[in-house]
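So, here come the structures, one by one.
Paired with subunit B in one complex and with subunit C in the other, subunit A is shared by the two complexes that follow.
So, the complex of A and B:
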């Protein structure tokens, strides 16, 4: 199955803005990030189909995953 | 805001001087003559539908009632850095009646790129002391409360009187603790954070776990690698100020409680829905 991954801000550097990613049934958000080699320690907001999600969220075919980096400066 | 006695005295003076709009000179001289505060004189003018010139360019936006509400309000700004400095400037000029500024630190050279209150000539000076000077210089009609220390040092009465708190901190750990503090005090928190070309802003309701859902236990963000440039700080702070004004005047909408994430490099602005 595939999920659509949308990367934002600094995560686009050297990667992509939007891509269909092949996954297996039962894959979590964290599994997809690992497959894409996105460092988990840099991840902030995660949205699945427009709602905030956690690393553990299990993805279904056709889900849209949006990944934003954590920003904490001021 | 003002006693009936003071109201009568001010009404007599306004009518005696034939004031149809309130100049700064009249404001200051009436305050001195009546021993009323500058804020009270300006509030009375607004209550009488007389425009204080200081707020003339606000009134079309917030209205007489909105401006009165702002003058009656108290806001706490936690952190006098890249975000907090601009908030002092903007809340002072828009006319929030009491502005509480909290920071334990002094300015250093790494602040000069973005912190509007920092100057070559005030490095080593306390941030809260400089905030006081700036606020006194731009608006003597608002009250300044300085807290040189951590936000836990802010007096209980100030928390109780606050209409909104601004999260202008520079690290995630403290932001999480501040959100808990705002929950305990039942006050809304305007969160803002930046890193490089990117920033996020949103209003957090007391009791909400939005910050936990955003940060997921992270200890720092990408700012450690990509820095904090001035335009991102000014952009985030200005959006925070606009949201704070909406909360204080009661015209905030559900949209303000989502997280706005902006990317100034690719001109990409997203409103991200977080159920609160």
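So, the complex of A and C:
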């Protein structure tokens, strides 16, 4: 199955903006980040389908995973 | 007296008299400084029912006790007056270097009263203070005015806060610009300055400010600098992408208001995001006085280099108007800075006009050949120019979205609170933020208790954005803390890295007090209640604590926050209770007595 991964800010450097990533049933958000070599400590905001999500969250086919470093502004 | 200069300049523009007054330091501490102290003076000296553009209104430039000190980001000042846009108390914050320069010249505050017969500007060079003729720069843009006045006074290092043509023409969304690009943007403070025929304040200060306890201050500042360096938001995100890094975050959450809040998500956000801005147009970062964060952007389009745009500006001109064209957004931003218009209100008013046009209320005959169509790059640039110049329908639009929509019988299409245009977050998908903007004393403003921080960014901790539980308490604390930070003279962005205890330590070391965090927050609560009392006296009733009908009645149509509406009716009673106000939303006598007001 695939999930759509969207990367933002510095996570795009040397990676991509948006990509369908192959996963297996039972894969968590953390597993996908591991596959993309994104250090967990650098992650600020995680969203699955627009909702805040934890690293342990299990992904389903077609989910949209958005990954941001810690950011702020206003 | 450390932290404060102990001096106020009182400038009567009607008779040209300039007086120096001694600042009562215990009074200053009670209201901290900046926003709090200036609001106290307005409440004492300006009857709440005064015509905001009449001679009776006063305009105060007010620095905080940390402004001009060695504290990081200690360069902020406030412009406080009665707002001609909303009729509420107005306090507009700006960074850059002007506030610090004012303190270095030896003044905590300038109070302008009356009205000059002819265009004038105030020149301060330490102890020498004089009103001078501004005839040559009246009608000129902000950057030309700034350069001309610096040349005229012959002081390269002078700092200038000026209005552009929009303020002169009394646009109710006019800003005051310092160092060309930094804005005391909101609530129409530029119109009050224009109504007094005051074009600019030019200041040069060479004094030094010592902290009450230099050793202690050094140590506390070192600790705060370390926290700013260790925090990813202040050390990485803001320097690399500026505030516009939020474009994608807010859009991915599905609370990115699109086409005058008709929608809340767009598949095109990245075309005008902070990432794209940094990739294609950023020349370099810029920083305000003693700021290690440097979130400012110097950008270049068509050979023109200028600062900005910020997140809120990008949103207002891009998603809110349906325009995904960064060069056009940058040009509109530059026009706002030159004419002296608030970018949020200007962009949001164009978005409102676009909806009025789409609904057939604004007719083609009114448009001078530039259709107000969602998605039109030409429209956002040209209508900004027309608003600044006060041309045709642009003159009406320069009075803000509320008066524009009302003139077509559809006031509810103005996405504003207390007539101040809402910024770049859809309250329907973020409940605490919605409560905050509905209750903010100056109207639809995000920086008076930035609930987006915990509800979306997870800072200092993550709270569920769609829940209403506990939100009233969060809103109260954030509003009170922000009132303090604004009054101290520091940048709000430090709050991503430091907390109430750090602000207290900084205040204590510089001013020479031994306050607790609770005492500092109580000062914030005092300021908040004082502002509320001014508004009530001005006839702004608690029924104005509301959101546009669309945001409480119409669910978000699509995207990640689909189906959500704002639950203000449930939250408001909780908020009044949390504040210790009556059920009707009025501060009671016991509360005011407990706060010493």
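Quick note on the criterion: the second predicted complex is superposed on the first by the 70 of 74 C-alpha atoms of A that agree within 3 Å, B and C clash if a C-alpha of one lies under 4 Å from a C-alpha of the other, contacts with A are read in each partner's own complex, and residues count from 1 in each chain.
Convention: a residue touches a chain if its C-beta (ideal position, glycine included) is under 8 Å from a C-beta of that chain, and two chains touch if they have at least 3 such contacts.
Keep in mind that what you see is a predicted model, and the values were worked out from it rather than measured.
Engineer: Return first, second, both or neither, reflecting whether A:69 touches subunit B, subunit C, both chains, or no partner chain.
Structural biologist: The answer is both, since A:69 touches subunit B and subunit C.
Engineer: Tell me which partner A:10 touches in the superposition: subunit B (first), subunit C (second), both or neither.
Structural biologist: both
Engineer: Please work out whether A:42 is in contact with subunit B alone, subunit C alone, both, or neither, and reply first, second, both or neither.
Structural biologist: Once the two structures are laid over each other on A, A:42 reaches both partners.
Engineer: Once the structures are superposed on A, label A:1 by its partner contacts, choosing first (subunit B), second (subunit C), both or neither.
Structural biologist: Neither subunit B nor subunit C is touched by A:1.
Engineer: State whether A:55 touches subunit B only (first), subunit C only (second), both chains, or neither.
Structural biologist: first
Engineer: Do any residues of subunit A touch both subunit B and subunit C, and if so, which are they?
Structural biologist: 8-10, 12, 42, 44-45, 47, 50-52, 66, 68-74
Engineer: Report the residues of subunit B in contact with subunit A in the complex, numbered from low to high.
Structural biologist: Listed in rising order, the residues of subunit B that touch subunit A are 79, 81-84, 168-172, 175, 192-200, 213-216, 218, 220-223, 226-228, 233, 259, 261, 263, 265-266, 268, 270, 272-275.
Engineer: What residues on subunit A touch subunit C, complex-wise?
Structural biologist: Touching subunit C: residues 6, 8-10, 12, 17, 42, 44-45, 47, 49-52, 66, 68-74 of subunit A.
Engineer: Which residues, counting only subunit C, touch subunit A once they are in their complex?
Structural biologist: 231-234, 236-238, 240-246, 248-249, 252-254, 270, 274-275, 295, 310-312, 446-447, 450, 452-453, 456-459, 462, 464-465, 492-493, 496, 559-561
Engineer: Please name which positions on subunit A make contact with subunit B in the complex.
Structural biologist: Residue list for subunit A touching subunit B: 8-10, 12, 41-47, 50-52, 54-55, 66, 68-74.
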